[in-house]
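Next, two complexes with subunit A in common: one pairs it with subunit B, the other with subunit C.
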Partner chain A sequence: MKITEKMKFEFPPTLAVALRMQANQKTRGKLLAGGTDLMVQWASGVTPPNRIISIWGLPELNLIEISRSEVLIGAGVTHARMARSPELKRHLPALTAAAATVGATQIQTRGTLGGNAANASPAGDTAPALLVTGGWAVLASLAGVREVPLTEFWTGYRQIAARPDEIILAFRLPKKNKARERFRKIGARQAQAISKVMCASRMLMDDGRIVSAAIAVGSVAPTPIRLSAVEEYLAGKKLTNPVIAKAEALARAVEPISDIRSTADYRRWATGRLVRDALEALKTKSRST
Partner chain B sequence: MSNPTANFKQVNHSVTKVDARQLALGKPSYVDDFRPPNALVVKMLWSPHAHARIVSMDVSEAEKMPGVKAVLWHGNVPRIPHATAGQGFPEPSPYDTFMFDTKVRFVGDRVAAVAAETEEQALAALECIKVEYEKLQPVFTIDEAMAEGAPIIHDEPDAYVPIPIPYEPQKNLVARVGAEVGDFEKGMKEADFTFDDTYETPYAQHCPIEPYVSLAQLDSAGRIVITTSTQVPFHCRRIVAQILDVPVQKIRVIKPRIGGGFGSKQEVLLEDVVAMFALRTGRPCIWRFTREENFRTGRTRHPIRVRIRLGAKKDGTITAIGMDCWNNTGAYGGHGLTVVSCCGSKVLPLYRCENIHFLGKVYYTNLPCGGAYRGFGATQAFFAFESSMDKMAEALGMDPVRFRQMNHIRSGEGSPIFAALGEGKEGVPMTVGSNALAECIVRGAEEIGWSNRTDWREKTGRYRRGMGMACLMQGSSIPHIDMGGASIKINEDGSFNLLVGATDLGTGSDTVLAQIAAEELCTTTDKMIVYSSDTDMTPFDVGAYASSTTYLSGEAVRKAAADAKRQILHTGAEMLGLAEKDVLCKDAHVQTPDGKQKVSYGDIACYALYQKNQYQIIGTASHVTGKSPPPFAAHYTEIEVDTWTGNIKVLRYVSTIDCGTAINPALCEGQTEGGTLNGISYALTEEYLFNENGRMMNANFTDYHIFSMRDAPRIKAIIVPSYEDTGPFGAKSVSEICINGPAPAIANAIYNATGARLYEFPFTPEKVLNAIRAVQA
Partner chain C sequence: MSNVQRTWTINGKQTKLRFPPGRRLLDILRDDLGLTGSKESCGEGECGACTVLVNKEPVVSCILPAGQLVNGTDILTIEGIEKKRIGRVIQQAFLECGAVQCGFCIPGMVVAAYALLIKNPKPSVRAIREALAGNLCRCTGYTKIIQAVKLAATRMPQRK
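Right, the complex of A and B next:
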């Protein structure tokens, strides 16, 4: 018997219908987007819910809107679509680079940005890239739409700031403009690898000094995190070797755990190295991905 | 000398695999494709403990569960000690396994089995089996197993080993084997440089696409027909007969197409249970492992600790080689002795040396069980040995290639190791015949650009490139032990039924054997209808292991074909009214040398079957080899190390191979590339992770990392021909050797890139980084 056989599936035709279903305790169900997290969880023993509300393909969740200073990406947009979009690549290169490292082709074709964020795994690859934009998650419910800064979105291990009646509609993300972004992931292999550590950064330089630095890492804490101590230290600094060394050392203050993917020691070290990597790249003005 | 391969019409050509079409079209081919609609599904309750005694057990509730037709447990099956390893008989492995026992010895050991109408019903019934365990102290390492007063894993009085070899279960010792040549200590004293290093090699699983799966049903005569994913159908029949205490006559084992084995299916792990259920229920019963079961309960590569002591003179002469191996065989001892024996026998002859010490010891632990895995001990030992060879070359100030060129075995030379180390008994003295290693080394060096290699001390920056290499050998079948049989008969249209016990498990051996038969019979490969393997229909063959099918079974096929050819010539000559000496076989005809008079094989078959002096033209032959000619290989790789993260990228890999005549060059390249990739994955990313209770934590493809296509580097396979006089049309083996290269070649390349020497793999970023930090500190 298939896992899905005992479940009741709803396919709301519009967002409004989906929101109505979620508003009521009785009709509420587990949201299903691409299913690439959920199906794996159910297959590995997590008790499957009775009721599923599929939001896969809802047009309201599939928009990409580019305005002057921001990009709005629907929660239902797939990794494949992000990775292939030249415009997103221009304005949010860390995010598209992260999307391109998720699983492999099949997973990218099915997995969504909203699902990656809502699943709230510390190893979710797009999370650090979202975090460094300083943007917002746009949440919808029958009560209306509200926005939560991404820095407050991941509230604890596998927990997010959305209420049970809310659906993530989109992510409103400031463009990088003149800043430079970078995303680097360390995994056990080139594809289908859950990150040991990954790091995204967005940094703006002016006249040889760092105007602003946003650096976020994943897989080193219960949630994806910004390295605020490093960011604060870097603000206004020139990128000298001692500054880079100090930033790397500060980055190593993270407190990761050891698990089957890596050791705490390695993760601490690699976090420092990935911060150095971002700063060196900035210094040498290599490609700004 | 004229090139014997020049006139080959069938062998040494890349003909299409005989089963390619049916597999590409998805036709029913594999065990599970033959599941009858009324088959019961088998599920097993596995031990959650690494080491425990079953104090009490109650299956009565499970027996009453909906859909349940039978439950098997130690209370209702015969208790017969046996080995699950499919090897020659009597086996060089202890009889330390019971269908069900009152003790469990690893997480994943059998406790009780259920056969039910559906999988859900079987799983639900398992939940109702009540087991009370008395937990015992587990043994997780070789050191714990060897320790004074260690818990005894096999304390049952009825375990024994059926041949006279050391077996001391009260010390957790499964086997011990050694060899001394010359005077090792003296050789070490004579050396200008000596090394003494210890290496560790890890667990790994074969990860065939098709997991273990077996189906048993009773035929109308009441015989048990087992269709199973096996590399050893005949051993399977014998072992199932033994476990069930029924005559061999009552059992038929059919091997359909197999979705890969790589050694894992040289084992009888499911067949006894499905057969017993079929007997008890009268219903067809199927059991297929999940991927998790494949990892936890399926067989693995034995982790082995290898100590290498090496001595050499300033001029590069090797004066002493010492190899001590400690083999962790896990909870049951199958293949323990033979694997450790191959650490010595398939490695030590590679270099000339007068003073050799070898000692292999095998210990039980409460971890998953080692078994046969491509490379079979040689893989583990070559990592250690070829790493030490590089260390020695550096001490001598000699290029590692040069050092190996100076010392490697040549054609016409023997090694005392061949005679000293066999499979549970002494080996067979042998001199090496075909040997193109010298050319392999040169061709590989050219291809990789070895002359551009620089010392690690000259390298700077974050990304550092390094080159490494390793020389390798293996064997081809087990001399005087392995036997293969074949028979071949002609049909009215000049086609032939080729019946072989040899076991194609996806390797393409049916194709290779058809080519050999066609070559000998002067016809074409497409005229062969190959059937492998079915214990009711095909002659005996030990099965697919020990790199034996092409060399051993291939020669049986060639001899059977020669036998049929004699009969064809006889009848053809009779039809032409000529003497046999005046005709020959050519292009599926018997003809006069000038071709003026000829008669086709089809007409000969019709004549023999229907017209005059009728008989069935049928050739049959068996083959046992007197030698195990080593294939040789030189592997080269160039890698890039990210010294910041410890990440290793294999940029290029060159696998040269001397497999004698490549019967099917495309398949040989396939084996070479596949084995190499298999080895790279083993070297870099694969590992068994256990928790403190001995449970494997990553028994799935998410967390057990085999290489993906995106990881695959450029692999260049170069077949360097030689001609092995004792093999069919000059062939020897190709399938195992290639997995031996990547671990040492990459280890040597990491050293060449960074100065960091790793004694343990997989070379994960964590390990590499630690080693690099140690060098830089």
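Right, the complex of A and C next:
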């Protein structure tokens, strides 16, 4: 008998029932969406929890709402659905590009945006793309709904700001509007590779000058992070070669670790190159994602 | 743990099952139903050998807790696909192109190719490579597999 067969599963039919279960310590369980991270962890020896609350398929978590300035994406929306959505691609191209690099088709069919965020791996592909939007995670509990800025959502290695009684409902993300976004991921191969480094950016240009820059990277710190020093340096600057070189050098100040996928040195170097790449892409006329 | 009961359509046939909700879909297919075409290789969702279609979308059945599949779920395995015309077209193309060596990854490859061709009967090489990116093969180097899917695409029935 496989280890996951010993776990007790609950299948709450609605979000309200799931929230009631999570509100009480006796009925609370580990939330499970598509299982593309958790099932693998349990199969490879991480002790599984006794009790699982399956939130896969909960209709309240599966909405995509596009308003004038923002997009609300339910936590249960799959990577496949995001990657296929022309509307999301128009307003949040870094996010849809990131969703299309999670695992491969089979993983994208089951993996969810909320799951990727809650798993809180520093290598979670969608996190940098979420971070550059300046948006919020919408958390629900019986006590009500609250919003946490994504810059405060990942609080430590594999830790998030949600309380044990809370369920991630959605992500509220400002559209890029006139800004340009880009997402690049470096891994051992293009598919099914956990990233060595990835970088998302959202930059607003006006008349050759950077009005505002949001740059986020993953796999170089205990959490996904914004490169605030680089962003502040770039604000108001013209895109000249010395400016790009300085931004690349500032980006290399990250403090990654060496692990099975890459070395700290390579990650520092690659972080700089990804920032350079994002800036050089701004000079071209082609649509960047 | 206490079992759940589910009724799915598996390869076109209504099938009623009882199982622990955390049981992997792959174990139900192989051990409970004897559908051993789906293979287990990595067991952690990396290699695609266990790929089946759930509601026409490819999933890796080795990391799917089957209790999450509600009543009425449509499951198609390689055993169902090989009875379909498009499935036979793909298999024939794999034979003609020499796309099979040891064969262990092939059921998953055929399922992934089928999932692509039913949605996109005239895929670009890039679309083929993307559709098969989640399926690992240690023998062929992929070139002949991609050729086979291209060949199958030229023989797709006209209607969608």
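As a working rule, the second predicted complex is superposed on the first by the 289 of 289 C-alpha atoms of A that agree within 3 Å, B and C clash if a C-alpha of one lies under 4 Å from a C-alpha of the other, contacts with A are read in each partner's own complex, and residues count from 1 in each chain.
The rule we apply is simple: a contact is a pair of C-beta atoms (placed from the backbone, for glycine too) under 8 Å apart; a residue touches a chain by one contact, two chains touch by 3 or more.
Please read all numbers here as calculations on a predicted model, not as lab measurements.
J.: Thinking of the overlay built on chain A, is A:A104 touched by subunit B (first), by subunit C (second), by both, or by neither?
T.: both
J.: Once chain A of both complexes is superposed, is A:W56 in touch with subunit B (first), subunit C (second), both, or neither?
T.: second
J.: Mind working out whether A:R209 is in touch with subunit B, subunit C, both or neither, as first, second, both or neither?
T.: neither
J.: With the two structures laid over each other on chain A, which partner does A:Y266 touch: subunit B (first), subunit C (second), both, or neither?
T.: In the superposition, A:Y266 contacts subunit B only.
J.: Which partner does A:K238 reach: the first (subunit B), the second (subunit C), both, or neither?
T.: A:K238 contacts neither subunit B nor subunit C.
J.: Once chain A of both complexes is superposed, is A:R90 in touch with subunit B (first), subunit C (second), both, or neither?
T.: Touch partners of A:R90: none, neither subunit B nor subunit C.
J.: Figure out whether A:F9 sits in contact with subunit B (first) or subunit C (second), or with both, or with neither.
T.: Second partner only.
J.: Look at A:Q192 in the shared chain and tell me whether it touches subunit B only, subunit C only, both, or neither; answer first, second, both or neither.
T.: both
J.: After superposition on the shared chain, which partner residues are touched by A:R163: those of subunit B (first), subunit C (second), both, or neither?
T.: It touches nothing on subunit B or subunit C.
J.: Share the list of subunit A residues that count as touching for subunit B in one structure and for subunit C in the other.
T.: Residues 1, 40, 44, 104, 190-192, which sit in both footprints.
J.: In the complex formed with subunit C, which residues of subunit A make contact?
T.: Residues in contact with subunit C: 1-2, 4-9, 11, 32, 35-36, 39-40, 43-44, 52, 54, 56-57, 80, 103-107, 109-110, 190-192.
J.: Of all residues in subunit C, which touch subunit A in the complex?
T.: Subunit C residues touching subunit A: 1-2, 4, 20-24, 27, 43-46, 48, 51, 54, 57-60, 62-65, 67-68, 70, 112, 115, 130-131, 133-136.
J.: Looking at the complex, which residues from subunit A come into contact with subunit B?
T.: 1, 40, 44, 104, 186, 188-194, 196, 260-263, 265-266, 269-270, 273-274, 276-277
J.: Which residues, counting only subunit B, touch subunit A once they are in their complex?
T.: 118-120, 644-647, 684-685, 689, 697-698, 700-703, 705, 707-711, 764-766, 769
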